[in-house]
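Two complexes follow with chain A in common, the first pairing it with chain B and the second with chain C.
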Partner chain A sequence: MTDLKAPTSDSGLAERAATAPAAAGLSLAGLARAAPLARIPPHLRSRGAALTMLLLAALFPILHPNDADIDAAANALTYASLALGLNIVVGMAGLLDLGYAAFFAIGAYAYGIAASWQVTPLWTGYWEPLQWLGLVARFHQAGGDVVHFQVSFWLMMPVAAIVAAFFGVLFGAPTLRLKGDYLAIVTLGFGEIVPIVVRNTPSLTNGAMGLNGVAAPQLFGWSFGIAATPYYYVGLLLVALLMVTSQRLKISRIGRAWMAIREDEIAAAAMGINRVRMKLLAFATGAAFAGATGTLFVAKLQTATPEMFMFPVSVMILVMVVFGGVGSVWGVVIGAMILQLLQSWLLQDLSGWLNALGRLIHSGWLSRIQLASSIELIFGLILVFMMLYRRDGLIPATRRQRALSLGEQHAQVGSGGIAALKGLGALDDSRDGPLLEIDNLTVRFGGLVALRSVSLAVRAHSVLAVIGPNGSGKSTLFNAVTGLVSTASGQVRFAGADITGRPPHVVLDRGIARTFQNLRLFPNLTVLENVLIGMHARLHTGAAGALLRLPRTRREEEAARERALEILSVFGNRLLPRVDHLVSSLSYANRRRVEIARALASQPKLLLLDEPTAGMNPAETLELAGQIKDLHRLGLTIVLIEHKLDVVTSLAERVIVLDHGERIAEGTPAEVRRDEEVIRAYLGRSAAVA
Partner chain B sequence: MPEPLLEFRAVDTHYGDLHVLKAVDYRIEAGEIVCLLGGNASGKSTTMKTIMGVVAPTSGEVRYDGKPLAGISVAERVRRGIAPVLEARRLFPRMTVYENLEMGAFTRPRGPEFQEDLERVFALFPRVKERLDQLGGTLSGGEQQMVAIGRALMAHPKLLCMDEPSMGLAPIFVEQVFDIIQTINRQGTTVFMVEQNANMALQIAHRAYVLQTGQVVLSGAADELRRNPMIREAYLGEMKVA
Partner chain C sequence: MTIDPVLLQQIINGLSLGAMYSLLALGFTLVYGILELINFAHFNVFMVGSFVGMWALELFGLSGQSITLSGFTLVGVLLFAFAATMLVSGVLGVAIERLALRPLRNVSGPAAMITTIGVSYILFNVILLTVGAGSLNFPNPLPRMRWVVGGAVLELRSVLIWGVSLVLMLGLHLFVSHTRLGKAMRATAQDAEAARMMGVDVDRVVVTAFFLGSALAGAAALIFGLYYNFTSFLIGYTAGLRAFTAAVLGGIGSVTGAMLGGIIIGLVESLGGHFFEVRWADVIIFSILILVLVFAPSGLLGRATPSRS
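Right after this comes the complex of A and B.
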């Protein structure tokens, strides 16, 4: 190990941040390393690797023209696209879905019905426009003409995706308030319901017998028929398309919002993320992937039965995601391919070899063994071993960052200091009256009154401290203002507008950002990602923008990154060398700093700090107090919960003291310190004289 | 000279490449309150984890009660009389206060001693007795800290290892917590604590160690350290905010 900084290409950003926070362009010196591959910029390198993979996959049927093997590979590609879809729901948004095969079924039956003889209504004139479009045909029959649906495969693929997305939203909506195991149980329910409905609506689906005679896709008049190769290529293109989609979503504002929800839902809401919309978007996107895949699947088999979409299929897709690496786009594709090919290639061969061995050594048991029939057992074992020894999967979604050497950790710290931070605390100063007004606010938890008729006003550009014993309702006050707990009575007004009971993301959008007493960061995301999520409400990229990556989207992303580095430089050298580190690897004090940076990223007018210096030693406390003072000087209005009295005294103009949910005193720090009631309830004798 | 209750002999620890503790020596005599000061990431919490056996030293030796601790499980260490009070309290949030206290005595047979220990905890913390049926997670921060200390005492420890007992507490609770630590010590329990509130900690401690980037840079009697200019500046920090 060397103390000299030899940044890997991954830490290019950190390098750049450390040298010149606002400078654009990669530092070339940081890339020059011994290995020639490393001289290629990382994005080109990964693009090159992806193209090589695609080329090899495209050549496979030509190099190995064995229909059974190509068929197995085509099936594996189908599962890879399913795994990509489930990865959006489970891996990115963290919503455990045990009934994912339902959407696969919906897509499959959507095409199956639209391209078979299952549903044949009597012909009427209304069908003529559709006939003209080529979607249906008029079929002459003895008992009167009937309609034959013959919608094109290429049209049905996106349509089935949309239909499945609709059901994704429909099934997702009732689960929005559920988390973890509860969510899993409800999705399990939906996963069971769909095949049962399919089985019991024979007029539409031919019930348990299954749909038959689904038309094969056609391309310029040439039918795909039953050879595997054309399906293989469609599967390959589908997987490539879904991978690009997943990857682009993942690195966009949308993907960050999903990951924020996965990491900490409450914090995500407090950072301005509309949880309802984002979760439904995740369900819809995941379901759309499955819907499109279902079309391909049923077209290839030209039949569909309810048994193809039962619980074991959902579980298998989940196993593929976990095996490949939850949240990792390449991981889940490779995981799905390996598991599927293991089943159809390796196990067959292995069984053959074992049987031959059995005949050789006259072991009857060994000569009859069929490993493929114990596939569930083998999957189970793989899963157990993965969880024990490689929990992040084959290709983990997050790469580990090299820890800073002690030398780097303690390199000159510099208090940072902030000369200017654009747009901070900018207010419409023409308006009179306090920025935040709380009127007779009462909050109850069951029988417990957490806040009782508390009123207070925060003047614009001032600092107010809220103190009081533990459990006196200070954090509840913050939670009530930011919409995390509901109020029993009273009113909260911000900049003149009533915001009582508005959801957290709306409150943030209005300009109130906060930190949490027990830190609610997104631990498995990097420092930079945490701050970028704080910017969510101020950025505009939607799902479409993320997919297309238009110049506007790129510019917005670039500006957001620069702004994030600018905000992180508030803390001098504390965070800048660590922008690419996972937050979970940071010290407690640095996590506190990240949380403040994340709150600042939303360009708040009012900042609520809940015990910002807890867990810091006096020197660090002093440093942070200076930084908070700087923020105030730049015009930010601050409300602060704090136990360290010297911090309160040096920062706050006014202090409010809470005890048992009631306001017991208000005044300047000096006045409050002398207040008998405050000494009794909070300070104690020795702290009061200190 | 008799062996101290707890001793670190040139202990090194690593997290992967990161060298955390560097040839650290501590001697904690029976009956003492010893305080460990230091900035963030200086190795304070790692010290606590090394004592409990959560982190194993890469070299050097940790000795307790005259015997080496190497290879001894966390549970066995608790059974031998080392009890932790964890950073940020870590109560079992969905168990009642009584159940939390019961968990503290998990390693010991249930007998008359259990009742005695319970009475001792109630005597120290009358508030805890009032809240026996409440869930741990619904207590206020100060009450949680009392239960956390009470839980550790239920293991009937010889050595109490406390990680930042005053963190996030109101001044009035901080004062109470330090009073109680002193009382517990007078009743015969040795205390080794990590604390950021150096001012209060040095008032009740007998001795202290100062850790900086994994090395002990200063140690001595608490009174002396309180007068030491370096300590005054770095840890007692007279707050001056421009």
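Right after this comes the complex of A and C.
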């Protein structure tokens, strides 16, 4: 408020940022003058663009009635929906799946078996209810009547999605503990096993010969047959549906949880995300997309062989995702379309032209060249070059924000207004006794005892500082309380309940939030998204809610955004102008602030701060200490690890000193300063004697 | 006690396959030990190696199985073929590292692994487009010597495979444990940062790992050709995945583990066909891969858990 040098155009920044979620759309006014299109709000603009694309795609078979080309486009749409599914698993949740085609196979064979003559058990009375429902027919045959499955395509599409999702959970469950490369290998193993099992169980699948005579879909008694156009429209609707699904999930609580796991699993768990459930949900969702697509694929081809679902298909879908932009919904669709159409249109045409040229110049080699067979070579080159030169893909999932101008950076640096923050530190005050009690806690890492029988108690609404030399077990104490390391013995009680050994997300849910000494933010997400992830445990939207986006969900999301901005305003103007910036672009001090804001977002009863002022200059340290004091004044209970003794003295009512994993002193800051044990631990024996 | 001759025959076959898988698994384990990277390009370095070996033998006018050599001519031709194949494969491995992987050395996430998949695809398709899709007859100059042991047939080629593999693995072991560069490799595998600060040229170590791994893949490829008498653009994937399973089973990053894992996978493949139906052998091998990764990710002789965070 005292900064008079702030340019006038920026003086209202804090208010505007606090009221409008699109805080970084500062240049919008400038753009509006330049282009009339920009006067339309961004969300309407993108919706308009999407509808235009859909309309153009819908008109394509009418404007260009060439069956071969429509067929190629329908195939491309199939692969686009597969790419969308893999994008959920790889792009959003960051789980590298190299056997994705297995789910495609499961969906395809589910419909293939349910709508063909492959499996024909003998007719018994038990089938009658199904016959009445029209799912099976009784077929008269010499040697006894048999059952003919004729489940409708429209019913089978969701059923196949559910079946594939079930297998997604089944294959996903054992891989949950694995990370990165190893996960990729296990999924590759499953991807290999499924086609082999298909090939080796001919009674169900007709083996390597392939399933034949799969019924074409019917609509009001009219069969799709073999013309490409109806399949094209079903594919288009499927892609549109899956795009909306992906986009809605992405901007929901679920999508944010997936991206948090992708960015940093440990931090995601510490912020209240149930990793097991969220990863399985990602696997199941991705598999469901593939299952539904498999139905369409097999209905269009009316046959299925194990070779259609081998490793190269999984790689091809991965290439599409990587090419289009990992995590980007529009990117993967466009990537898949380009690659498929490249294969079926461009390379064919190019080969034709080269052959003509070859005949013209009497070059036998040129007149025979077939570029379409080199598509896999092109895939390989795309993978390598995209990884080397454009890892974000054609359409990156995150758009970089421009950096703030000098004026914007220096506008109104103040401690912000935190007169009140709803729900902060609210406790059941009828309960007596300390908020956090630790009894004889011992933590071992192999032979090393990191904590030895440490006991302490934290009163409600107090500030406790934990100090001690490096390696004395301070961070291990936090890790043990929040469930990130397992304890050898002892007990941790929070608000009267035993929380020893509970997983991190449960600890957060109970009301303990923390920051990390070495910062564990989600670097490729924005400041706002980071804070919203902190609210994960306090929001309720599930996958279904995210898809339907009912008014209740919208209200919850809007309230969450408002609250996030309110929390960010704790740090005055430090973070508010940067809400839409990626965390990786922030300064170190600002990252520390984001981490505290993220912890506050979970409405903690107890906040654990691990060296909150590390790496900050004296002015920033003072500012942050003031803000922590404000939080305490609002009723929040705080435990902080800190090396700067002036910060400890100004904030903490009591101090606990750890050395070599043991508690060596406790008292007020002044008492602890005089304690000989403490002096010895910090400065050595001779200093204590002197 | 007498062993069923058919079973004994399967054990002999399994040991031969196992020796080949061991050599191939070493390439995975050397690179993983140092870069924590699963190198999918290794699959098709092996495949390219088999073509190099075939061309090296054809330089001597050998083709098919009709011409056999003996005595010093045979030894000389084989020595040349192994040396040429290993050298070319090794250089190919180094080129892949230098061109495609070094720029990604410090990029986190799966980018480097995706790149190796891309490189693998490129090698695969370059061979497919230049040589063609048919499988080619691999020259075999070995005389048809065979001995009957306990009812089973022991052929010269099996003995040769065992001998070559033993020599190469012993050589690798001596190199890693007794040379200065070998010590640098072990140091880098434990902590690349610390090794760099102690003056280890990490780039050189990485290049060495790629060269040695790929050269061993070349040797395995020549063995494949001499054993099966054919090669094709397709052989990299199956053999590579089995060898990778071997490396994981033995404990990826562990040199002795890779050798042990290779032998076990070779035996599983031949005995799996003996006790079950051959068509399920792959399911058994992939199930081993999954079960090991899920329940004992450090394998038989591995030291570290693979989950990095």
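To be clear about the criterion, the second predicted complex is superposed on the first by the 649 of 690 C-alpha atoms of A that agree within 3 Å, B and C clash if a C-alpha of one lies under 4 Å from a C-alpha of the other, contacts with A are read in each partner's own complex, and residues count from 1 in each chain.
Just so it is clear, a residue touches a chain if its C-beta (ideal position, glycine included) is under 8 Å from a C-beta of that chain, and two chains touch if they have at least 3 such contacts.
What you see is a predicted model, and the numbers here were worked out from it, not measured in a lab.
Undergrad: Quick check on the chain A-based superposition: chain B and chain C, clash or fit?
TA: By the criteria stated at the top, chain C and chain B clash after superposition.
Undergrad: Just chain B (first), just chain C (second), both, or neither: which does A:D646 touch?
TA: first
Undergrad: Check whether A:V169 is in contact with chain B, with chain C, with both or with neither, and answer first, second, both or neither.
TA: In the superposed model, A:V169 contacts neither chain B nor chain C.
Undergrad: Would you check which partner chain A:L388 touches, where first means chain B only, second means chain C only, and both and neither mean what they say?
TA: second
Undergrad: Which partner chains sit in contact with A:A372 here, chain B, chain C, both or neither? Use first/second/both/neither.
TA: After superposition on chain A, A:A372 lies in contact with neither partner.
Undergrad: Looking at the overlay, does A:F190 come into contact with chain B only (first), chain C only (second), both, or neither?
TA: second
Undergrad: Classify the contacts of A:I40 with the two partner chains as first (chain B alone), second (chain C alone), both, or neither.
TA: Once the two structures are laid over each other on A, A:I40 reaches no partner at all.
Undergrad: Return first, second, both or neither, reflecting whether A:M53 touches chain B, chain C, both chains, or no partner chain.
TA: neither
Undergrad: In the superposed arrangement, which partner chain does A:A589 touch: chain B (first), chain C (second), both, or neither?
TA: After superposing on A, A:A589 lies in contact with chain B but is clear of chain C.
Undergrad: For the superposed three-chain model, which listed region of chain B (26-34, 98-106, 152-160 or 188-196) is the one that clashes with chain C?
TA: 98-106
Undergrad: Using the superposition on chain A as set up above, list the residues of chain A that contact both chain B and chain C.
TA: Correct list for chain A: none, the interfaces share no residue.
Undergrad: Considering only the defined contacts, which chain A positions touch chain C in the complex?
TA: 94, 96, 174-175, 177-182, 184-186, 188-190, 192-193, 196-197, 199-200, 265-266, 311, 315, 318, 322, 373-374, 376-377, 379-384, 387-388, 391
Undergrad: Can you list the residues on chain B that touch chain A in the complex?
TA: The touching residues are 15-19, 38-41, 88, 139-143, 164, 167-175, 196, 198, 213-214, 233-237, 239-242.
Undergrad: Using the touch definition up top, name the residues of chain C that touch chain A in the complex.
TA: 36-38, 100, 103-104, 107, 109-115, 117-122, 124-126, 128-129, 237, 241, 244, 248, 279-280, 282-283, 286-287, 289-290, 293-294, 297, 306-309
Undergrad: Which chain A residues qualify as touching chain B in the complex?
TA: It is residues 1, 402-403, 406, 409-410, 467-472, 517-518, 587-590, 611, 614-622, 625-626, 629, 643, 645-647, 649-651, 681-684, 686-687 of chain A that touch chain B.
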